[in-house]
Each structure stands twice: as structure tokens, then as C-alpha cells.
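Please read through the structure below; I'll follow up with questions.
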Amino acid sequence: MKKMVRRILLLTGVLFMFPLVAWAADEAPTIASNADAIKAVQTHADYVWTLVAAALVFFMQAGFAMVEAGFTRAKNAVNIIMKNLMDFSMGSIFYWAIGFGLMFGATTTGWFGTSGFFLSDFTPGGDPWVLAFWMFQVVFAATAATIVSGAMAERTKFVAYLLYSAVLSALIYPIFGSWAWGGLFNGSGWLEGLGFIDFAGSTVVHSIGGWVALAGAIVLGPRIGKYTKDGKARAIPGHNLPLAALGVFILWLGWFGFNPGSTTAASKDIALIFVNTNIAAAAGAILAMITSWIKFKKPEISMSLNGALAGLVAITAPCATVTPLSSVIIGAIAGVLVVLAVLFFDRIKVDDPVGAISVHGVCGAWGTLAAGIFNIGGTSAKIIAVQLIGIGAAFIWAFTTGFILFKLIDATVGIRVSPEEEAEGLDYSEHGARAYPDFQIVSATSAVIGSGGMSKEVWPSILTAPEAH
Amino acid sequence: MKKMVRRILLLTGVLFMFPLVAWAADEAPTIASNADAIKAVQTHADYVWTLVAAALVFFMQAGFAMVEAGFTRAKNAVNIIMKNLMDFSMGSIFYWAIGFGLMFGATTTGWFGTSGFFLSDFTPGGDPWVLAFWMFQVVFAATAATIVSGAMAERTKFVAYLLYSAVLSALIYPIFGSWAWGGLFNGSGWLEGLGFIDFAGSTVVHSIGGWVALAGAIVLGPRIGKYTKDGKARAIPGHNLPLAALGVFILWLGWFGFNPGSTTAASKDIALIFVNTNIAAAAGAILAMITSWIKFKKPEISMSLNGALAGLVAITAPCATVTPLSSVIIGAIAGVLVVLAVLFFDRIKVDDPVGAISVHGVCGAWGTLAAGIFNIGGTSAKIIAVQLIGIGAAFIWAFTTGFILFKLIDATVGIRVSPEEEAEGLDYSEHGARAYPDFQIVSATSAVIGSGGMSKEVWPSILTAPEAH
Amino acid sequence: MKKMVRRILLLTGVLFMFPLVAWAADEAPTIASNADAIKAVQTHADYVWTLVAAALVFFMQAGFAMVEAGFTRAKNAVNIIMKNLMDFSMGSIFYWAIGFGLMFGATTTGWFGTSGFFLSDFTPGGDPWVLAFWMFQVVFAATAATIVSGAMAERTKFVAYLLYSAVLSALIYPIFGSWAWGGLFNGSGWLEGLGFIDFAGSTVVHSIGGWVALAGAIVLGPRIGKYTKDGKARAIPGHNLPLAALGVFILWLGWFGFNPGSTTAASKDIALIFVNTNIAAAAGAILAMITSWIKFKKPEISMSLNGALAGLVAITAPCATVTPLSSVIIGAIAGVLVVLAVLFFDRIKVDDPVGAISVHGVCGAWGTLAAGIFNIGGTSAKIIAVQLIGIGAAFIWAFTTGFILFKLIDATVGIRVSPEEEAEGLDYSEHGARAYPDFQIVSATSAVIGSGGMSKEVWPSILTAPEAH
Amino acid sequence: MKKIETIIKPIKLEEVKDGLSKIGISGMTVSEVKGFGRQKGHSEIYRGAEYTVDFVPKVKVEVVVDDEMASKAIEVILAQAKTGQIGDGKIFVRSIENAYRIRTGEEGRKAI
Amino acid sequence: MKKIETIIKPIKLEEVKDGLSKIGISGMTVSEVKGFGRQKGHSEIYRGAEYTVDFVPKVKVEVVVDDEMASKAIEVILAQAKTGQIGDGKIFVRSIENAYRIRTGEEGRKAI
Amino acid sequence: MKKIETIIKPIKLEEVKDGLSKIGISGMTVSEVKGFGRQKGHSEIYRGAEYTVDFVPKVKVEVVVDDEMASKAIEVILAQAKTGQIGDGKIFVRSIENAYRIRTGEEGRKAI
């Protein structure tokens, strides 16, 4: 492999490359040179681990895309995928230009950073750690962004979504992130100053995403046909459950980067985090299945899949600081909670096609609280209080800014497609495309479901609109 | 990354974290402290590699789910996925509570371990290696469990399957595992005592799964419509071959964790294991394709996909101890074998929708034998004999306990759904769901296939059953 | 983990295993033994990183399979998957037997290597680096092979494709590879001698694949129905866009092995490569979306997906030697370029169903040029000239040999299926199979699309062929 | 007996079904069809090529009724399926000669 | 000529087809339809909302036969498609005026 | 009014549709069906078991026209749908009693 390194040096004609470890110089080793070399090797391992973990977290984008596409209707699958692709693509660019600096730049106020925009902390020949760290952080930012996509599915204008996505990656997520995690780099936030525990982001990533999703779902209103005239929630079944299940497995895999990767160091600590992550997810899936079985008489698949994700979200904050037994309990509670939360939001007419608010918002809050309660080093009223402050701050910040943002978008470009476009499907109306042109799509049952009939109140304009069918 | 570590220490309020490597103390390094630091870095690399490998093996769950769903009918896809999700979820919990202790706990008899239940070998502040090791082992246990799922697809009661899955993860797999691998941790088994070679589990994982699958398929009997009145096997085509192919690629990827990860150490040995794993799979796929081409006049896809898996299963035992050339031969033979085995089991009326018995049972046995025959250090009658003992022990243990287990389940909760439920599909009857509600499903051809007509003998009760359609 | 290593040693009865690091011997450490141990640990990290990266690149095969299947019609999905499976399987065998030796063997001429066939550079007990290196290289070779598959989709005889695939892996790719990369092992090629920069293969892998694909598409001619009587290109929509999107996410993930893995060493360098890879892909996706939006009035999904891949291909050569800002520019230009190139090839009647020529050929060339232009160490006319020589050499070599190869195949076994087989779909005609037997396929719209009618000129023989429907 | 074959917009299926149920028509057969008529299909884009999808998804409802029932049924369908927009669809009526219920072998009016 | 249009359970298609073949009917056209009748659909659950799928999958078999053949065909269908359970389906018979074989342009009885 | 029901090869749909449009027939309804007839299905293989897919994909085109238009329409279909190969399909003609346009309530000839 040395040849490859040499090649780079030769070809680029410069020696900007990061100092090679001592032995490459073929000088006689000393105790001091050995010590330096050891540090260098450990650093290499840290880089490899952090970046492999980042790759796994990146792959969660595919997981979200598949879960969201699978849990919604065939006529909106292209739109879902475009949103996910652009979430990550635009998120990468905006987080590079703005977000990272706000989140991890030096700060005097503790409210946001003001340095490091456009990765300016990196200079060729300088320490590239900022690059590895940025890579790990950008995939987190994109995760927060993509959570919202599911809750706003099947009715949001594409251009409105792009605007939201840019603002989330550039402002909403990074500013909150600076409060809790700024100190991991050049920043220093007020929440971490209080001792807030959120190891890998139950609150910072998931609840922030979840509460912005809540704001989005409220501003948008429910999908046409989601509620009967008398206000009962109706099922709008997801069109491809095997794909959704694949998405959940991919997300579970990605979480093995998300949680243990948050050490950003190759250390023994990752073993406990792996075990806790896995076992909480397992408990979440089982308990969600049991809860659905009790409530609906049958073990329901979409709830069971949500349950696994609920366990994963919940263990994200406490994964490094609880025992495996605690993790089982935390995951199990999340599994019950997610089913109840989905039913609750359905009842209060917040239409969240994939359960994003319940999984990420609610279980993110639960996990953050659990990190205080089950803390391996013991808990206290103060620890719990700080956790609650963090949970509350996240809700207020994310819901409020999200709500304002969506209202602004609505007032300018408009946030929701027309009822005709919604009936036709966003794939055609927004992208001129179809996800499955070779398959016979069941227009009858996907347009109207259940025996309640399409309520005239819910869907008035369609009756007088041109060309609606 | 040091900041993150520091943060954990501060936030949890305890110093239970695993001792940091020497240099962190900023003391002047010595030869001894350097030597310790080197060991620590190597250990970190071991953890990273073992756990990344575990993540890859975890992902095999997605592979199995996609292969099994793709190779069966659309009306059972939700059920398949629920089984796979619960396999892993319940497996994680049962292996944590019971299985790991039986497999790797201290033993006096050599028949099973009796310590380390509920991960009791781990104490906060102590050596976390048991956690990394458990994480790697739990994904193996779940693999064994999920193998059976495919062979029992499309006709097994969900609750019966859950019972089976718990017993396999808690008892059947771990007890055999303790015979061959107990010595990797605190145990010591009689088979490893004899010198049995099964590096990554051709027998311990795959054959065990395969032979339990055989017992399951026998106890269940064939799917309705699988055999004509005159006993000829009929095709029941899998509903989504691209998904099945994706599953095979995912499994192949996962095997790069399964086999080389079984070193549980970052070492140069993994290079040979990678190469052998890859090249055996390639040879398996090619030879299965050629065999199918010769026998059926066309290169058949499901056999070719099975062939890749056959090569992977076969190389699992010998992957660390044979040359690449031997691996090509081992994989090639597995590729032929799997086609013949599928046809054989079809002929003797063991209905295995995905070929699990042939791939995992038969090729697992072949691979274990091959580990003796192609041993890089030379072979001998004794080596072969020990391999045969291991192969035989696996068959007797897994088939017998599996058979008894399935008979017990049948006698209590019942193992098979009713013919009406089977005709309707398990998605609806067991889960009240449909996998693809937006697609027009071809009920005509998926209900009756081929020109033979639905035999009255095979399917008598449907004629008098209420509501069958 | 030591137990496992010990186990191998005991079981195989030989001590061929690679020397363990010094401390295992329990002797008192010295400065020299420490220095050796450090080197050993670094080497272990190099192996782990290189092989994990190889696993990621392997997974790109799944990505290609999904993209190609998703972008083509349902009736050819089985064929696509068989081609991808066999690409990699046969590629592995042929690259082992022949290709690697030609590419990295010792050479006297600088035109190709002549040693190391059948991995003969590896001897049990010797340095296994050749194995790790081979593993990383074989997945590159298979990538080049599989690129061509997409451009030749939906009309190529399976047996013809197998022949092509063998020759590409055994000859076309390795010989060019030896010119640019031979020096990474035992070889030494004329292009690298000139100072040609292609860090991870924009030219060596992607352009080579792309230009062979161009030759293939030309020799084959367009699919029936692709052009109207008056020569206008018609849309033949891909049948499963969610699957195609999954494929793109998988490819993006795989590129985190492809580019940073090309260090084949665990070093700090990989951080910059990760960041550049990611940010170029993001820019490519965004700009392709914008370009499609401007040109077609709607943000088009297949172009956006191609845009991400275009960014990835373009950054492959310069990923280690440009700044993140340059990467954004390189990716953005690739995103525009790919849309224009797709339209261009459509106009000149080169029918490339998935855009392989535009993505890999054109953007590979662009990326190679960009490596010269944006070189972090400064650029010069000479650098640019060498890059252009490399780009030109790749085109001439790949297009010419590809063209001759396909013409030879056509003259012998025939390269294209009959019009009837093409109309029926290759799944049935070549494999006797169907990808989705449980789904109602829309034969009407997938057979004839658009309002132009099926031109009699384009499709004359179908009218007189027996059994065509 | 009359067979009433109706082509409607998919979104109106529910209302038509409910309307017919209300007047005592308890059986019908429905299928997915594609319509071509005054209501035009739309244009889609794929990789830069715009193409027209000529056909519009429609649902066909077939119901066989007694002669007396026919005009009532037609009235209901006309009322329920109407949006007033182009593409609302058609009703075609014709008499059929006989009907059988397979389960019982009953014939004629009793069969429907 | 008569057109016999039959709605049956999907599982009975094979037997009906074989039965008709045996009496010399060599052509038919089959399609997937959804039935609504005495046999009720079932309830499914999705994310906690139970919903009724009103329609039951059925297969429609259309066969055009000579007048003489008609009663024999009906007999066969009645026998083959019967399970005795609700939802077995219907047979509707009507005369048609003419038939053509596209391949040859033949008309009337020779066309079928 | 006549209803012309045609079973054709899927590949011929475009030409039939264009042919009918040209003679002024502006509406039709199309569906996917499976045909059984002289043209045999084919054998597929799955995991070693060869099985015959008896049915061949066909497209059914239904068009309702004035009596005068009928023979012209049949002529066009016969011309456009023909390949001369087995399996080209059939045309079945029958009269219907009435037609309605749902949008307007128009009846009879005006409705089509």
C-alpha cells in the first residue's frame, strides 16, 4: 500500500500529504518515535472507524427512502424518492456551506457557532480530522432532514419541500445541535454546559426531526380521504411492505454506525453500544408486535416495523451509559409507546403516513429521559431535570421554527399540492413520472378505501375541478 | 475524538470506562508503556473489525428476508417478513437470556455451559470483550434461526413459528454450538476436543439450520398444490425475483463479515478468508447455472442464486484453511450439489420453497467434509473421520430435536394454518394485511398453476370449507 | 480472540499462519520489538480497511443490478439479474485465472504483466497482502464489466453476454489497467510512467466500461420501438423506479469503499476522499435535477439519479487530490453533462437504456480531466496533456477492442435475440422465467408506448414471424 | 334481464356501489379498465423523452338486474357517478337471455 | 351464437377450463375482476385502522359458442365451478350477432 | 347501436386505436385479458419444475358505435389487428339497447 501513497505524492507534485508515521523514514526507532507511531496508528484506526460508521449512517438514507416509499401509495413513490435523494444532496451542500459552522464553529454566546463555514477549518496539509468529523456529522444532519419527509408524504409540493430541507440542514438542526454538541469541536453550547446527556442524538437528531415533522403535518393537514365525514381515521395502506421492511433492516444496520460511531474513536466502548443498540431494537419490535396483537387481534406488520425503529431511536441517547438490561427495558417501553402514539396522533387528526412523529419525536424524547433514569452511574433529580430541559428545549425550538417555516413557505410558494394533483398522485403531477409503469395499478382501491365513501366535506373542490378523475 | 470520550466520562459522573491507552496520561512513555499501548491499539482494531463484521452478518437478516419473500408468493410476503423480523428480535432476547450461557458458559460435562446468562459476564468497568463477542455470536444464532423460516414458508402458523424460533435460539443452536465452539470463550465442547474443523459454521450454523428446516418441512407437509394427484412436483413460482436477487447480493456481502469476522481479530488472516469466500460463491453460482442449463435447457435464475449461496455455505467451514484453488473446487461442487439436492427433495415430497435444506443442510455438510479433504495442512483418515462425526452429530441433534419440537408445537397450538387460510394467503389470515395493496394481483395463476388442475386428494377440505374462494 | 487463532493453528496441524506480532511471545519488549509490533498493528488496520472497502465495492454489484433492473422493463428483469450475477461470478474466476496477472504481473514491455496468474504470488505461509490486494482489485474489475450490462440491456443474447463478460474481465480491463496502475503491485505501465492521475479509476474502471458499452450499444442497435419511423427517440420507461433509487443509494455507499479504499491503507487521507466523494455526488444529483427541470419543465427522477452517479464517477479520479470546493464544482459539472450526454446519445440513436455511456464513459473522462485541472498541487499544460492522453488511450483501447469483440461474437454465436424474443421479453426467451408472476403486467403499454405507433420499418420481421404476440 | 355496463371514474366507485346497494342491488362485478375518449391522457417524461399516455384509468361496473330494476339502477348510476367533468363515463344497457347461480344452479331472475 | 360470461372463484379456473376443453370448446378469454355480492369481503388492519375490503377477487371467463353448444357449456361450468359455498358466482348468457377471426377474416360460426 | 368487442394481440393495440380514431370513433375502453385458444401458451421453468402457462396475454377493446358505423369499424379492426399468425384474436358483435353519457345524461346515439 505504500506504493499507492507514494504515487499520490509523485503525481500531485506536492508534499501536502499528512505526515506519514515515523517508521516510513527508515530511521532507527526510539521510545519517543515509537510512542508517536502508536498514536498515529490509533489515529488511523479512529479515522477508519469514524468513516466506516459514517458510511453506515449514510446508508440510512436508503432505509428511510424504502420505509417511506413502502408505507405510502404507489402513485407517490417517485416523489418520496426524489425528496430523499434531494434531502441528502442539498443537506450535504448546505451543511457544508452553513450548517457545520453554526453547529461546531467557535461561539461566544453559546447559541450558535460563527466559524468553519465551507469547511474552512481544513487546509491542505493541515490536520484532516475536521473532514472526518464533518463527514460523520453531515450524515446526521441529513437524517434529521429526512425524518420529516415521511410525515409530510403524499401531499407536499416538491419545491416547498426543497425549501424546508435547505433551511433544516442550514439552520434549524445545526443551531440546536450547537447547544448540545458544539463542544465536540470548536463550539460550546448551553445545554451541554448543563450536563445534558444525549450520546448519539435521540433528541438532537430524532426529536428535532420528529417535532419539525409534527409542525409540518399540522400545517399541511391530513391527506384527502384520511378521515371520514364523522372524523374517524381511515387506513391508507402502504403499497409495498417488503420494501418497507427492507428499509427497516437497512436502518437497523445504519444504527450500528449511528450509535457506536458517535465515539468517533476506535475504542472498546463500542462493544457496549453495539449490544445496547441491538437489544433495544429487538425489544421494541417484540413489544410493538405484542401491543398491536392485543389492540387489533392480529400482529400488525407496520407497527412491528415501527417498533424496531422506536427501540433504536430510544436507545440513541443512552446507548453508551446504560446496561444491556436497561436497554431491553428502554426498547420495550418504546415499542409500546410508539403504537399508542401512532393511535394518538391519528385520533387528533395529525396525519403522519409513516409514523415519523411517534417514532422519532416521541421515542426520541423517551430515550433522552431514559438516559437520565437508567444512567449507569446513577441518577438524580438534577440529571432528570437537565434531561427534561433538553427535551423541552428541543420541542420548543423545533416545533416553533418548523411551524413558522412551513407557514412562510405556505404563504409564498404554497406548501400543498391541489386536491386534483393529490388524487392523481405526486409522481405524475410533480415529476411527470410513474414509479411502476409495467404494473397494473389498482386505481379503484387506492383511490377510495373502506366502506365509508369519500366524504364531500373532506374533498369538496375535486367535485368542481377540471380534469379530475 | 478525545472530547467525546471525555464527555461521556463527565456526563455519567463515573469513571467506569475502560482504561484508556497509556499515552493519554501524558506521562513520559517507556518501553513497557509503549508495549501496553500497542496491545491496546491492536485490541481496538480487533473490536472494530469484530463489530463491523457483526454488523455485516446482521445485514444478512435483510438478505434472508428478501430471498424468502422473493421466492414465495405475494400473498405470503408480509408473513415472511414478520417471521424474519421476529426471528432476529426474539433471537436477540433469548440468546441474551439463555442461549449464550448454554453455548459459551463454563461447563463441566462438555455438553452445555451453565454460566453467563443475561450477559452476566459483563460488569460495568470490566473487560467489555464479552460484549463484542456476544454481538458477533448473536447474529450467528439468528442466522441459524432464519434459515428454517424459508423451508416452512407459506403454511406455518405464526404463533407456532414464534415458539420454534425461541427454542432454536435458546436451546437447539446453542447446545450444539457449545460442542464445537464453546472453547472460544469459557466453554469447552467434546467436538472441538476431537479436533473438529468448522471455522465459521458450515455445520454449527448452516447445517443445524438446514436439518431443523428438514424436520419442519416434513412435519408440515407440502404446500397445497405443490404436488399433482400423481405425485409430480409442480412449480409455485416466487413472486419477486429481483428482490430475491437483491437478497442474495446482501447475503454475499454479509458473508464477508460471517467468514473473515470469525477471526474476531484484526489480522492478516482475513485476506485469505475474503478471497476464498468470494471465489467459492462465484464458482457455486456458475456451476449451478451450468447444471440448470444442462438439466432444464435454460439457465435458471433461482438455481443460480441458490448456487451462489451454496458456495458460500460450503466455504464457511474451510475458509481459513484451504487455498483459493481448493475454494473454487469446493464452491463448484456445491453449485452442482445444490441443484441435485433441490430436485431430490422435491422428488421425495419435502416441500422447501426456497431451497433452505439443500443450500444450508446439504452444502453445509459438504463444506464441513471439504474442510477435512482440502485442509491446507494436509488431510488424513482421522481428520476426515472427525469431520464426519461432526456432520453426523449435527444431523442427529438438529433433526431429532427439531422433529420433536415441531411435533410438540403441532400437538399444542397447531403448526399449520387451515387450507382456507393457506389458499387466502397468510398475510391476510395471520396478519390481516396485504403486502401490495396498490397492485393488481393475479389471483387466477397464483392460485392454480400448471395444467394439472387442483387435485382433489391434495386439497379435499377446501371443497367443503366455508368462505373459501 | 487469541483462542480462535490458536484454534486454527491446532486444527490445521501446521504453522503456516502469518507471524503473529511480537508480544504474543511473552518475551520482554524492546524498542525494536515495539517498532515491529507497531508496524504489524498498522498492517492489520490496513488489511481491515482495504477489505472492508472491498466488501463495500462488492455491494455495488447489487446497486448496479437494481439500477439496471429498475430502469428497464419488467419482462427483462430476470435477464438483467442473471447478467449481473454472472458478471461478478465469471469476473471473479477469470480475473483470478488471467486478469490479475495481466494487470499487476511483472512486465518488461509496459503493455501487460506476465506473472501472478491464478494468484500464484500467494504461497501458504507467505505474505498474504497479494490476497487483500487481489480482493480489492477483483471488485473493480467486476464493476467495469457490469457497467456494460446496462447499455446492452433488453436485447442481448445471454450467451453472447457471458462471452463478452469473460473477455472484459480477462483481457480488456486488465490490459488497460496495467498501463495506469500496474505499478501498484509488480507491474509498471507506460501511462503511470507519464504521471497520469487516476486515483480510483474514473478512466481505468468507468471510462473503460463506458466506452465498451458504447461499442456494444452500437453493434446491437437500438431496442425495437425506441425510435419512431421519423427517427424520434421514444421513452421506454423503467419498470421499478424505487428499486432503481435503492440501487443508486447502494452505489453511493459502495463508492465510500471505491474511492477512499483505493488508499489500500488505513490513513488520514481517507477523510478528504470521503468528503470529496460525498459532496461531488450531492452536487451532481442537484445539478442534474435542475438541468432536467429547465429542459423538461419537471424535476425528472431518472436524470437526478444518474446525476448522483455522474458526480461519483467524475470525482473518482481526482478524489484524493482536490479540495472539497473543487469537488462541488466537478460534481456539478458532471450533473449537467450527464443530462446533455443522455440526450445526445439518444439523438444519435445509440440506445443506452440506463445511461451507462453518459454516466461512466463521458463523466469518467470529465473526471479524469478535472483531476488535472483542479489538482490541489497546481496544474500545468503538461499535466493536462497527460490526462488527455490517458483519456484518449482509454477511448481508443476500449472502444476498438469492444467493437471487435462484439462483432466477433455477432459473427459466431450472434449477439442479439430475435425480434420475437425481444417482444416477448428476455426473461422468458432466455431463461424460461418471469420476474413477477403474481402481478398483472400491463402488456399493452409496455409493448407499445406513446402515440406514434409501432413503426413497420423498425420492426418488420415481427409481422411475419410465427407465434409473435 | 338487463345487463348494465358502466364505465366510471375510479374515485366514484364507492358512491356508485353504495347507491346501488341502497336500492337493493346486492351484486356486481368490477374491473380495472383503461378508457380512451374526450378526456385526454397526459404527458409523462422519462429520460428526456416526453410521451403521451393516451389511456385514462377507469373502472367498469357490470350489474345484471331485472327489467323493472334497470331504469332505477341507471338513474342511480347517473346520479352517483357524475362529477360534471369530461370523462365521467358511459352506461351501456343490453338485455341478456339467462342467468345462473353456480352455487345452487338456480336460473333466471332468482339467480341474480 | 351465444356468449357465456361466467364469474367464478379463481381457484376454479383450472377445472372450468379443462371441463370446457373436454367438450370441444377450444377458446376462451379470461380476466381478473372483483366481485361484490352475498360473499362479503374481509377486514384488514393497517396501523390500527381496520378497514373493510368489500370486493372479493373473482375470475371472469368469457366464451362464445354455437347455439347448440351453449347448454352443454353451461352444464359443464355449473358442474366444475361449484363448491356449494356462497360466492361461487354467476353465469350470464346472451346471444351475439356475429364473430370474426382476425387472422383469416372468417365470420360467424367458423370464426369461433 | 352495436358493441364491438375485440380480443387482439397487445402489440396491435396502438394500430387498432389509431385506425378507429381515423374513421371518427373517438371513444373506446380497453382491458388486459388472458386468452386461451389455438395459440398455445408456453412453458416456464422454476426450480426444476417445468410448467405450462396456458394463457396468453391479450388486450380486449370494447367500442360502442352506431349501427351504420359498425361494419366500417370491423373492417378497420380486421385490417389493423392482423398479423396473419395464430392468435390474432376475435371480434364479437352484438347490439345494445341503450347508452348514456354520465356527464350530461344524454341518451342513445348522442351518448357515444
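We just call them A, B, C, D, E and F in the order they show up, numbering each chain from 1.
One rule holds in what follows: contacts are C-beta pairs under 8 Å (C-beta built on N, C-alpha and C of every residue); 3 or more make two chains touch, one makes a residue touch a chain.
This is a predicted model, so every value here is computed, not measured.
J.: For chain B and chain D, which third chains touch each of them?
T.: A, C, E, F
J.: Mind checking the centre-to-centre distance between chain C and chain D? Centres are C-alpha means, answer in whole Å.
T.: About 51 Å, centre to centre.
J.: Distance from the CA centroid of chain A to that of chain C, rounded to the nearest Å?
T.: 30
J.: Measuring from the mean C-alpha position of chain A to the mean C-alpha position of chain D, what distance in angstrom results?
T.: Chain centroid spacing, chain A to chain D, equals 46 Å.
J.: How many Å are there between the centre of chain D and the centre of chain E, using C-alpha atoms for each centre?
T.: 18
J.: For chain C, write out the residues touching at least two other chains, lowest number first.
T.: 31, 34, 38, 41, 45, 48, 52, 129, 237-238, 240, 246, 296-298, 300, 431-434, 436, 439-442, 444-445, 451
J.: For chain E, which residues are shared contacts with two or more other chains?
T.: Counting only residues that touch two or more other chains, chain E contributes 30-32, 34, 44-46, 50, 54-55, 58, 83-87, 94-95.
J.: Give every touching pair of chains, nothing left out.
T.: Every pair of chains in contact is listed here: A-B, A-C, A-D, A-E, B-C, B-E, B-F, C-D, C-F, D-E, D-F, E-F.
J.: Under the stated contact criterion, what part of chain F meets chain D in this complex?
T.: Those residues of chain F that touch chain D are 3, 17, 26-31, 64, 94-103, 105, 111-112.
J.: Once bound in the complex, which stretches of chain A touch chain B?
T.: 31-32, 34-35, 38-39, 41-42, 45-46, 48-50, 52, 56, 73-75, 129, 183-185, 192, 195-197, 199, 237-242, 245-246, 248-250, 252-253, 256-257, 260, 262-272, 274-275, 278-279, 281-283, 285-286, 289, 296-302, 304-305, 308, 320-321, 323-325, 328, 375-378, 436, 439-442, 445-446
J.: Would you mind writing out the residues of chain B in touch with chain F in their complex?
T.: 233-238, 292, 295-298, 300, 302-303, 339, 342-343, 346, 355, 444-445, 449-451
J.: Flag every residue of chain E that touches chain B in the complex, lowest number first.
T.: Those in contact with chain B are residues 9-11, 13-15, 18, 30, 32, 39, 42-46, 50, 56-59, 83-87.
J.: Going by the contact rule set out above, which residues of chain F touch chain E in the complex?
T.: 2, 6-8, 31-38, 54-55, 58, 60, 74, 77-78, 81-95
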